[in-house]
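In the two complexes that follow, chain A is the common piece, with chain B as its partner first and chain C second.
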Partner chain A sequence: MKIICLVKFIPDVENIQFDKKKNVLMRENAKLTVNPDDETALAAALKVKELAPDTSVEIVTMGPKGVTRKFQDLLRRDVDKGILISDALYVGSDTYATSRILGAYLKTQQADCIFTGTHSLDGDTSHVPAQIAEILGIPQMNNVITLDMDQLLQGKALLQVNSEGDTLHFQMNLPGIISFEKSREYKMPYIRYEDFQRDVSDKIKIFSNEDLQLKEEEVGLTGSLTEVSRTFMKEVSKKDSITVKNDDEGIERVYQFLKEKGYL
Partner chain B sequence: MKTKDLLRELENMLTKDQINTDEEDLYDASADRYKKYAKVRRVLDVPKPQAIVYPNTAEEVSKLLKFCNENKINVIPRSGKTATEGGLENWKEETIVIDAKNLNKTIKIDEYNMQATVQAGVVLGELEEELRKRGYTTGHSPQSKPVAKMGGLVATRSIGQLSTLYGGIEDMVVGLECVFPDGHISRIKNVSRRAGGPDIRHIVIGNEGALCYITEVTVKLFKYFPENNEFHGFLVKDMDTGIKVLREVMVNGYRPSVARCYSEEDAKQHFYHFYKDHCVVIFMAEGNKEIAEATGKGIEMAAEKFKEGIVEKVDSGLLEEWFENLNWSQQDIDDEYEGMLENDSHTGFTTEVSGDWETIIKIYHNVMKRIKEEYHRVEDLTLLGGHSSHSYINGTNMYFVYNYEIHCAPEDEMRVYHHPMQRIIVEETLKLGGSMCHHHGIGKFRNEWTKEEHGSAYYMLEKLKESFDPNNIMNFGTIYPQEEGEKYQK
Partner chain C sequence: MKKCLIYAGNENAKEAVDLIEAVDHLYGQVNTRIYGFGDPKVLKSLEGYFDVLIRDEGSELQKNDMKFDIINITNCLEELYQAYDFDSILIPANYVGRMVAPRLSIRLETGLVADVTAIESDGENIELIRPAYSGKLMAAIRNRGRGPLMMSVRQNVFQWEKLRVEKSQWKKFPFKNIEASEVTLLWTEGQEAMEDIRESEILIAGGGGTARYFDELEDLAEALQGRVAASRKIIDQEIAPRSIQVGQSGKTISPKLYIAIGISGAIQHIEGLKNLDHLIAVNKKRHAPICSIADLVVEGDGKEFIEKLLRRIHRKDQEK
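And now, the complex of A and B:
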């Protein structure tokens, strides 16, 4: 069985720094991290491989040429191959152009399943998996929480899907795109000690537009159907701060505050 | 000796309820907080001890040690279980843990002579509570005060957060009682000072259970004047300035109880609500009113001298509050364990070193540079910084702190994360003539450098082990390097 996982690297928003003087997020210092939903998808793929070791798991990501340490770390797990799709022409692609690029690559591959995340934390449109499915002419399902591994190995995808809190069961014909939601069900395996400093460059292949042969007007800003008309940084105004003591009164105050704001 | 036979022998010396063979307790006793993550994830690679015993008297300790010595059974002395450097980790199949739980009596609080005598198993926090009710303090305030016990505190040469005024435990211990492997019980008497040959207290203080078992300690008392406490704090532009301010206060003869300087990264985790991306210097002045006030003035004068590097003053109310919530209770320790079960992370690791004023800042910068340039998992670090927290007339300490996301299996954590950074810190410190262990002890994971730490004086350290513990039964692998234990260090 061949599984291709689409993985996106996003700025690690939890650890992003804030320049208090200029009142802006310091994006350039932000570390990259694997989009959590995608990590669950890859963890599920590696679980399949653990059960059926002849499974091949390939990860595909789109981004700038420099192969990040995070990408190498994924390949230090039991991943067979890493494809980095990178070309100056692709810069500025919206979700539609991105789907077209990824679709062009995937068309050349014969995967039994494509695993993706449902949302990405930074864009959060959920467009890409469905659009790729459209391009490839195969089924796709969002918000998958679990997958029956035994059935999958027999060529059938039985999916448990989160539908606004309810769990629904679906069966999908393969090949298809299974888009996971972040969950604890599938946990990324640890990197083995011996593999920590392993050179994984032989597992990486870089694809450019020379390989994918898309027309210039189909990709990048020109190929994008949507346009970002304006971006703005959320104003962060200085809030009044109240310091309470670590006593009953202080605890009560914090409790009431959280309750008032709907956190409790 | 087989466990069955050992237990029979132990039953001849102790009552049944003084012997614990509960599997879970033995698992817990096989390692300390050094391998906290592997321990919680149940992947420890070390053997479990065969039993934990709870002697009631020094005589029982004597009997136990004599028996273990004759039968070459490894002994791990234990008190509050807050050890951080592997001092409680077991590397031998044949081992018993001698726990001070039942040595829990406060023998005498002597207000006139300003000293208190307690057994090894008395929790410092409990002694301190009793003393404070009477208007006194030991002056000893390590963060582990609510849990650590007097035997362990003396055995590790511990130091408290108020050390810049009161000193480390070595400045507080007046006299003590301890038991050697051959069963000999020594009492070092309580006098104000003497010139009766070398100060033999120092053979016991800091022995980390590798020479003898401490059963009783007498410590000094000080008058407690919390109402006079003054808090002073400054945001400073860099560590160099911060260390200079600390030095200025010290060399002018002031003795604030707390004198600390935090790097920006470390300040962020403690003082996120006011650090404003700067290093933070904090002081507490205490003692009788006149002294506290004079110390406060000395601090302000030192800050004034380096005003070029001072960004702003910190509201003293914020500092007071921070100090109040600094100690770790057993609940905090338990909560951290719970967290480690759930997440691939923990509260981080530390390595504490010391050096003179000139050297410490070089060590700090060299370490930061090397870790950032050389360490192969530097991207996983979520915190890398340090603080100086104990100052002396001639220098200070540096407490390196580092936290990281864990991407390896729990059993590999040390060799992937802590060890490479600890190695850089120790190497840089020893290279410049500092000490690799300011207050946590050598334990079992810095013993690789014990010889280098002591240089030609290692001869003296070695002779102590040879004469007091010739069969090497005391806490195998602690302080003294042992080839047989290396497999557990990698």
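And now, the complex of A and C:
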């Protein structure tokens, strides 16, 4: 079985700094991490491989070459191959253009299934998995929390999905895209001690537009069908709050407030 | 005249009706014609709100199986676009909508904006506003494609009540491109469905500060006949299920009363609060961001607050 995992490296959203004068995020200094949902997807793929060692797991990511070091860390697990799609032409691609680029690579591959995350913490549109599925003409499901591994190895995708609090069980035809949400069900294996420094450069292949042969007007800012016209920080309209302490007097104030407004 | 399609997918008609406010922001005074398509049961409750309601005629459409059939829903919406040439297509950002919208954008070769929270428009130049980076930043986005303007919108972000037309026009549409379904729903476990925090008028929400006593929020919720909600920190620690998460990555809520305990109020959380009547913030730090939008700030420990307030409420009950 061949599984392709799509992984995105994102800036550490919690600790990202904001340049208030220029109104932009200081992305350059931000640490890169693997998007949590994508990490779950990769962990699930490695779980399949653990059960069926002849499974081939390939990771595909798109981004600047600067992600190579982080990418190598992923490849030090039991991953067969890593594809880094990187080209100056691709900078500034919106979700539409990004899906076209990833789709162009995936069209050349024969995978039994593609694993992805559902949301990314930075963009958080969830567009790319469904868009790629559309380009490839295959089914796709979001928010997968568990996948029946034994059935998968029999060629059948039984998915347990979290849909706004309900748990839904689906059967999906393969090939298809299974988009996970972050869960503890699948944990990334640690890198074995002897593999910490292992040279994995032979596992990485870089694909540029020379390989994918997309037209310049289809990718990057020119190929994007949406554009960010401006960014700003949201101003929160402040209220004249009354502050009380957590003492008898304060509690009485809260109690009276709740009563006045009809909550008690 | 502008033609808009609103997809009324699941069983919640209000979600589709509320998108009329978004159309109103898009085109203002310009004459609009709003079309609705979706689950036949939902369509019935859209009578009087939408100009045109479309139901299928004589096609292979298996209505009951359509609910999660993303590819066939996309096929139908594409056919409708080819027939009516809509100026805009609005899709609720629920579980199904979030998979349908991106597929449709590829089919129609048009830009798509997810989770729109505001619209700035003079009728022609339209900017769709959405949060990015967990709501740390807002981005204004324009459509550059030639296709229709497409967006997905989360529940409760826009609101619409009034009827627009005396009688909706019902149209029968013979859908042609229905394929065998690639996905089958086997069964559903819906025990949490009844506890939708979006339907509650009183919410007691706990943040990172309540991790060690989160269960106790339930006692206060019970005394006030409300429900418990949580911020992302609590969900990430797996103390509570994602279905009760408030914020940009959770749900947008509009209760009358919101009591935020141990929640600092990062923008990503505030983004999930719409049209609250009253907000009480309980926090050890009186300068936490949430305190600046609260009616009443209680400076102190949340656990102590819950216990003291419960005692005060119960004392009153005994006096009765």
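The rule is simple: the second predicted complex is superposed on the first by the 217 of 264 C-alpha atoms of A that agree within 3 Å, B and C clash if a C-alpha of one lies under 4 Å from a C-alpha of the other, contacts with A are read in each partner's own complex, and residues count from 1 in each chain.
FYI, a residue touches a chain if its C-beta (ideal position, glycine included) is under 8 Å from a C-beta of that chain, and two chains touch if they have at least 3 such contacts.
Everything numeric in this text was worked out from a predicted model, so none of it was measured.
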A:K245 touches, of chain B and chain C: first, second, both or neither? both
Contacts of A:K31 with chain B and chain C, given as first, second, both or neither: first
Partner chain(s) touched by A:R69 [first = chain B, second = chain C, both, neither]: first
Partner chain(s) touched by A:F196 [first = chain B, second = chain C, both, neither]: first
Partner chain(s) touched by A:A130 [first = chain B, second = chain C, both, neither]: second
Of chain B and chain C, the chain that contacts the larger number of chain A residues: C
Common interface positions of chain A, toward chain B and toward chain C: 241, 243, 245-246
Contacting residues of chain C [partner chain A, same complex]: 68, 70-71, 74, 94-95, 98-103, 105-107, 109-115, 127, 131-145, 147, 182-190, 192-193, 195-196, 202, 224, 238, 241-244, 248-249, 251, 256-257, 267, 270-271, 277-282, 286, 289, 291-301, 304-305, 308-309, 312-313, 316
Chain C-touching residues of chain A, taken from the complex the two chains share: 11, 13-14, 16, 18, 25, 94-96, 99, 119, 121-131, 133-135, 138-143, 158, 162-173, 176, 184, 224-234, 236-239, 241-246, 248, 250-255, 257-258, 261, 263-264
Touching residues (chain side chain B, partner chain A) in the complex: 273, 276-277, 317-318, 321, 324-325, 376-377, 379, 382, 407-409, 412, 415-416
In the complex with chain B, residue positions of chain A that touch it: 15, 20, 31, 69-70, 73, 190-193, 196-197, 241, 243, 245-246
